[in-house]
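Next come two complexes built around chain A: one with chain B, the other with chain C.
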Partner chain A sequence: MLIKNCEPLVRAHIEAQVSLSAQTIACDGMNAYMAYKVTTKTSLNLFNRNEFTVKRRFSDFLGLHSKLASKYLHIGYIVPPAPEKSIVGMTKVKVGKEDLSSAEFVEKRRSALERYLMRTVNHPALLKDPDVIQFLESTELPRAVSTQALSGAGILRMVNKAAEAVNKMTIKMNESDAWFEEKQQQFENLDVQLRKLHASVESLVCHRKELSVNTASFAKSAAMLGNSEDHTALSRALSQLAEVEEKIDQLHQEQAYADFYLFSELLGDYVRLITAGVFDHRMKTWSKWQDAQVMLQRKREAEAKLQYANKPDKLQQAKEEIKEWEAKVQQGERDFEQISKNIRREVGRFEKQRVKDFKVVIIKYLESLVHTQQQLIKYWEAFLPEAKAIA
Partner chain B sequence: MFSSALLLLPPRSSFLQQRKIKGKVAAKIKTERRESPRSLTHRPTRSSAAMTSISQDADREKMRSVSVDLNNDSSLLIDIPDALCERDKVKFTVHTKTTLNSFQKPEFSVPRQHEDFIWLHDTLVETEEYAGLIIPPAPPKPDFEGPREKMHKLGEGESTMTKEEYAKMKQELEAEYLAVFKKTVQVHEIFLQRLSSHPVFSKDRNFQIFLEYDQDLSVRRKNAKEFFGGFFKNMVKSADEVLISGIKDVDEFFEQEKTFLLDYFSKIKDATAKAEKMTRSHKNVADDYIHISATVSNIGAEDNTALKTHLEKFSELLEKLRKVEGRVASDQELKLTELLRYYMRDIQAAKDLLYRRARALADYENSNKALDKARLKSKDIPQAEENQRQCLQKFDKLSESGKQELTSFKGRRVVAFRKNLIEMAELEIKHAKNSTALLQGCIEMLKVN
Partner chain C sequence: KGSNEESAPSVSANSIKITDITQDGETLTFAITSQKSSSSAGVCVFRTYEDFDWLQQSLLSQEDVPGLLGVIFPPLPGKPLPSTSFTQAKALKQFGFLALGDEWKIYCKALELYLQQVAAHTTLSKSKALSSFFSSTESPGKHRGKKGIFKRLSHVMEEMRKEGHKDVDKFFQSERDSCTHLSVLFKVSTEKFLDTVLTKQKLAVACGHFSTSLHLVCNHDNPAAVTFSKICLKLSDIIEAVKVNFEKVSDNDVSSMGLALDLESRYQEAKKEMLFRRTCKLVELEAANRNSERAKPNKKAIMEGVQKATQKEFNLISSVAKKEIEQYHRARVSVLRDFLVSWCEKQLSTAQETSALFSQHLEACRGFVV
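What follows is the complex of A and B.
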């Protein structure tokens, strides 16, 4: 039975735009935390104003995701996953370590949270969710407690996830819908490829950073050589070379950032999105429906048996149970159809978004590469006359 | 599997002649070719073989600029037109064209190994007559360790890559191997050309033997080692102490040169190492582009959305870009790293000259003391006087030629740096413009889509 997707085209433009800036709340020791200013600009009537700012903590974001996941995942919505916790990274920031890596960590997290929110508000259903609206608008938000990394709730969640994984393996679904079979396979393939690509891009980022460091190191060495050189014009040229290389190392550093924030992080986000497991929930829903059918069958058999025994109360009870399970079966079937419908719509939206995201990022990334090359031309063209001036 | 590289750069003369000279090796070529499938592509057809020679010429022009103005005197022209690489041993064909009567024939070629070059260098160092000259630095031993290690790693990681990716990486590595090979050929060539361009060295008897003797030099080499016993070499080891010992030279020129060369040497050594690291990072970035391009291509192949074209074009572009990046890295290596490395060795040779002069000075001072002693004892005065006179003469001759050599050395160095820095800047600009054009072309195509 093929279900045609006749949902209207999803609107492509952004209804609400959010941006984040980070701010440390200076407390001493491990009680210090990072606050993020979330600014929303919107024209929707859902909100009281057109532009407003609130302060949120990392745990608030996790709390929001937790609520959305519990509401929407099981009916087949692709709920954007929240950024991952990093105990090590955050500890460094809390302890007040002022080095480059902790500043980088803060920016990485800020950017990840911003992307997370943008994806959430881009989802037409999630945007209208009261939890989301509250998150964006309310000055005060009840603290999400059960999101601490090593909390009891956290561990319970981990155990549940493991159990789910085992269940997934034991459910064998009779897939009558070729679309789902195809899509699932497609997603699995895409997951493998994206992970591979992500790994390669991470390697690129790493090597580009190395290149930057090594170029800076060479620049210093060239400067020393220039100082040592006793031929005046050559000495000058070597110093100029050192300056050029210093500028170039900055260039490589910036390109590494572009490699990371434009390319690598996007890939990471999509790997996490695909792993969100929308298809698994459909399988679970199907399984529940099947279980209800099995149960109904048992109840019918039980009732049939009771027909020949002389136990009118039990017979009545059996008939009531049959009614109960018939309703459950119907509900199960409805749920299954609903989740299948939702997933089709969601996957369609996801694919459109994926196409858009990647198209935009590829062009932006190429433009970053162009910028680097153009700067290189500038620097070397400025150096050339210096080299020619050596007499 | 790429276990041993056989890179044959066919000579301008016949390919067959080459095979005849290397009897055993030629047979080895045949078997290797049958075993390794890769060599099917490497058995060059005439046209691609010609291309290898031509590109080598162009590269040689560029490489020769490490030391400018060589091989211009037609009375003695030397080059290394081809070489054979088997496992780690490189056999160079040294080709000489001359109008000088001191040689038996006007044109001839001989096979030589790296050790032969070292023998020649060492005999020059040990020759007392040349004490006042800068002896051109010996060419370094051919070192294929880098690409060989990478090839090994590549083999280990083969299962994680697609066929195309693996093929591209291998291609890249083979290019690297070839680059190392070309570099070592050229650095050996320059060594000989420095000698042939020098008014004194070109007439050296051992140099002539090296060029002409049509049999294996290894017997001679062994005898030489025993005879000299590395006398001067051992002296040079402790020579840094001699120079740095702080005795201020009376001669202003040599005092300045000493200070300059000592400082410059350590700086240029450091710069060489840093440049090498920088170039290696560059190569790593280029290699990453290969993997990214391959994976993007795979994603594009399986994609049925409007993204397909984007991914395909992106992948193609990255493949083109990585070739440019690779060239940036290798040009930088040739113009910068190799330049620094060469002059680092040359400066060491200049320092050696200073050591020898310091040694001669010490001898002269000792002879003075001996003369005073002889005068005191009134014994053996004429010998002591003669000794002192000889020492002084040696020292003066050394100082005079040393001054000349060091001055012309500075000129040579400045000219070479100028040429290479200009060429490097020009190449960087060319490659960046090329990359920009490729990128902008792709962006325009994608925006239209």
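What follows is the complex of A and C.
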């Protein structure tokens, strides 16, 4: 099958490449679970060797993500979102039964985890993070605890709660920087567009699967016709027709996989990437800075009052509190500038990476389309003499 | 006396073409051109469905054609419902493949084939009704003649018992059996094939939506955003090409294989009807034989007369039927062959075009600078 082979769908820097393969592991006679062999190839000195493999479970990936999210989201890094636990598409259209042991499910998950790691490793800051290095390199990893809340959906809930809290505070941020206002709007638009595209592709995948089922059904009926037909050459041609249709069915299935793994997953990834909420964190940082300024003002007013109150202890304490809050205000301003700088850089990186990702996917898709047509040409060329031979 | 040996030359079957169709409210009018086999002068007439129906009824009710009951009558497609008064779903249910295609293209083709089949038939081509159909300036359907008095296959219990009546002739028994079996299989295949065509059309629509949505991703903020917009437009073109391919492929399906399956199904029905008419005559004959045997002396002569006449009719029908069946088998294989070859050639050609187009896109994308 075309794209199940190992070439990663996310282009990394030349510095590190990651690939995954899945294997079932039986554990002490209890439930079997799925483990993933993570192979890293790198030339960086950060790592002990140039090529190494470790075994990881799904919960390990979620654990890694939660650590990275807690470290970097609030300073404006676009952290790649955790892989989804469920494979139901965002439009909630069930494309096939959700069978956790099915080959299809395993492949979807494996592919999602691979893309997740590649995106993480692609990020220059994240690649150097000790948790990432440990994840890729060390043989034993401490088991991540309570992964319920850590799943992609869980994180999303947390982020959304934070976003809601922010909105409830009705922060009227004086946006001195038009860039942020525009970018935020663009990202909102992009989110809408991507969801729409994603829905279109899911519909495409769904219909292709339907076509595959219908084609197989027609092939069967044509085979029965071939068997019952008295005229020899006609019977032969009908049987050949049935075979051609079966082969075409196979092509439909492969094409459906291409539609899905190339476009549907890519678009889904990007929607999740955008909803990670960096802009909200910047608002929170700004708000904290503003609150510190308000607090400083109060402390100054309090100190001014105490000047005339003849309470030297309290006056001293007030002066100390002013110093404390001045420092907090400075820190707040630094944090805000830092997160703004980080976001600008991250958005620039995101926009460049997006173009690369899409180009790779489009080329792969075109290759699959060309392949399909060439197969069809072969089949029809083979069938034509059979049809002409009917006398 | 009303003999078919008129000196009027017959219409050349190959020359018959339906060249145009116009719709006026609920009425469809077909423009039909044809040539007589003796001349190269073309004639054009305008006919409505009523005229076709009149033709079929006239053929069915011809008198003094020996063994007419044994003829397999080319099947006339059902009456077309104008698009104002029905939904796509209803049309599909009624007409199957003939409902598809732009502006009645496929339906016209089916009507055209019907006329060609009648004009090519050794017995039917000689009918006055046919030559009147092609040459009369007036619409012949306006003057309704008498309806065919033939038994059509119905669901009346009595009729169904007759259908299963055991035959006296091995050839005919075997024809009847294979007819039933094969016609079911063909009906199923036709339905399944129609399903694949409809799904391809759905895919074309889905591609259209996807392609349009890609146009909306438009942003000229900075170089990276501009490049991204360009890439999305490129993808939009590619998906549009995928859509066009689906449309062409399903078009090819409908105009060749679909039409072939539809025609085959209806012709099998026609053959079935002929065999049923013969079976009914057989039942009548066996009844006449019994009556003749049991007749009282005063009625005996009459009964024997009836028996002899029925026997003669039955023999005539059987001999015509046998020739018809042989002709049917030959023609059917030839027609299916032509359609299968045509279908294959069309799909091959479309695949070659599409492959070239996708390859072009691929080269362009590979050279796309990010």
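One rule holds for everything that comes next: the second predicted complex is superposed on the first by the 336 of 391 C-alpha atoms of A that agree within 3 Å, B and C clash if a C-alpha of one lies under 4 Å from a C-alpha of the other, contacts with A are read in each partner's own complex, and residues count from 1 in each chain.
Here is the rule we go by: a residue touches a chain if its C-beta (ideal position, glycine included) is under 8 Å from a C-beta of that chain, and two chains touch if they have at least 3 such contacts.
Source: prediction; values computed, not measured.
Engineer: When the two structures are superposed on chain A, do chain B and chain C clash or fit side by side?
Structural biologist: clash
Engineer: On the A-aligned overlay, A:Lys196 touches which partner chain: chain B = first, chain C = second, or both, or neither?
Structural biologist: both
Engineer: Going by the contact rule set out at the top, does A:Glu182 touch chain B (first), chain C (second), both, or neither?
Structural biologist: A:Glu182 sits against chain C, while chain B stays out of touch.
Engineer: Return first, second, both or neither, reflecting whether A:Gly348 touches chain B, chain C, both chains, or no partner chain.
Structural biologist: A:Gly348 sits against chain C, while chain B stays out of touch.
Engineer: Let me test your reading of the model: by the given contact rule, A:His207 touches which partner, first (chain B), second (chain C), both or neither?
Structural biologist: Touch partners of A:His207: chain B and chain C.
Engineer: Taking the superposition on A as described, I'd like to know which of chain B and chain C A:Ser221 touches: first, second, both or neither.
Structural biologist: Both partners.
Engineer: Looking at the overlay, what does A:Arg49 touch: chain B (first), chain C (second), both, or neither?
Structural biologist: A:Arg49 sits against neither chain B nor chain C.
Engineer: Chain B has the stretches 27-35, 63-71 or 153-161; which one runs into chain C?
Structural biologist: For chain B, the clashing option is 63-71.
Engineer: Which parts of chain A are touched by chain B and by chain C alike?
Structural biologist: 186, 190, 193, 196-197, 200-201, 203-204, 207-208, 210-211, 214-215, 217-218, 221-222, 224-225, 228-231, 233-234, 237, 241, 351, 354-355, 358-359, 362-363, 366-367, 369-370, 373-374, 376-377, 380-381, 383-384, 387-388, 390
Engineer: Using the touch rule from the top, collect the residues of chain C that touch chain A in their complex.
Structural biologist: The contact residues of chain C facing chain A are 178, 181-182, 185-186, 188-189, 192-193, 195-196, 199-200, 202-203, 206-207, 209-210, 213-214, 216-217, 219, 221-222, 224-225, 227-228, 231-232, 234-235, 238, 242, 329, 333, 336-337, 340-341, 343-345, 347-348, 351-352, 354-355, 358-359, 361-362, 365-366, 368, 370.
Engineer: Which bits of chain B are touching chain A when the two form their complex?
Structural biologist: Within the complex, chain B contacts chain A at residues 256, 260, 263-264, 267-268, 270-271, 274-275, 277-278, 280-282, 284-285, 288-289, 291-292, 295-296, 298-299, 302, 305-307, 310-311, 314, 317, 321, 410, 413-414, 417-418, 421-422, 425-426, 428-429, 432-433, 435-436, 439-440, 442-443, 446-447, 449.
Engineer: Residues of chain A touching chain C in their complex?
Structural biologist: Listed in rising order, the residues of chain A that touch chain C are 182, 186, 190, 193, 196-197, 200-201, 203-204, 207-208, 210-211, 214-215, 217-218, 221-222, 224-225, 228-231, 233-234, 237, 241, 348, 351-352, 354-356, 358-359, 362-363, 365-367, 369-370, 373-374, 376-377, 380-381, 383-384, 387-388, 390-391.
Engineer: Would you pull the chain A residues touching chain B in the complex into a rising list?
Structural biologist: So the residues of chain A touching chain B come out as 186, 189-190, 193-194, 196-197, 200-201, 203-204, 207-208, 210-211, 214-215, 217-218, 220-222, 224-225, 227-231, 233-234, 237-238, 241, 351, 354-355, 358-359, 362-363, 366-367, 369-370, 373-374, 376-377, 380-381, 383-384, 387-388, 390.
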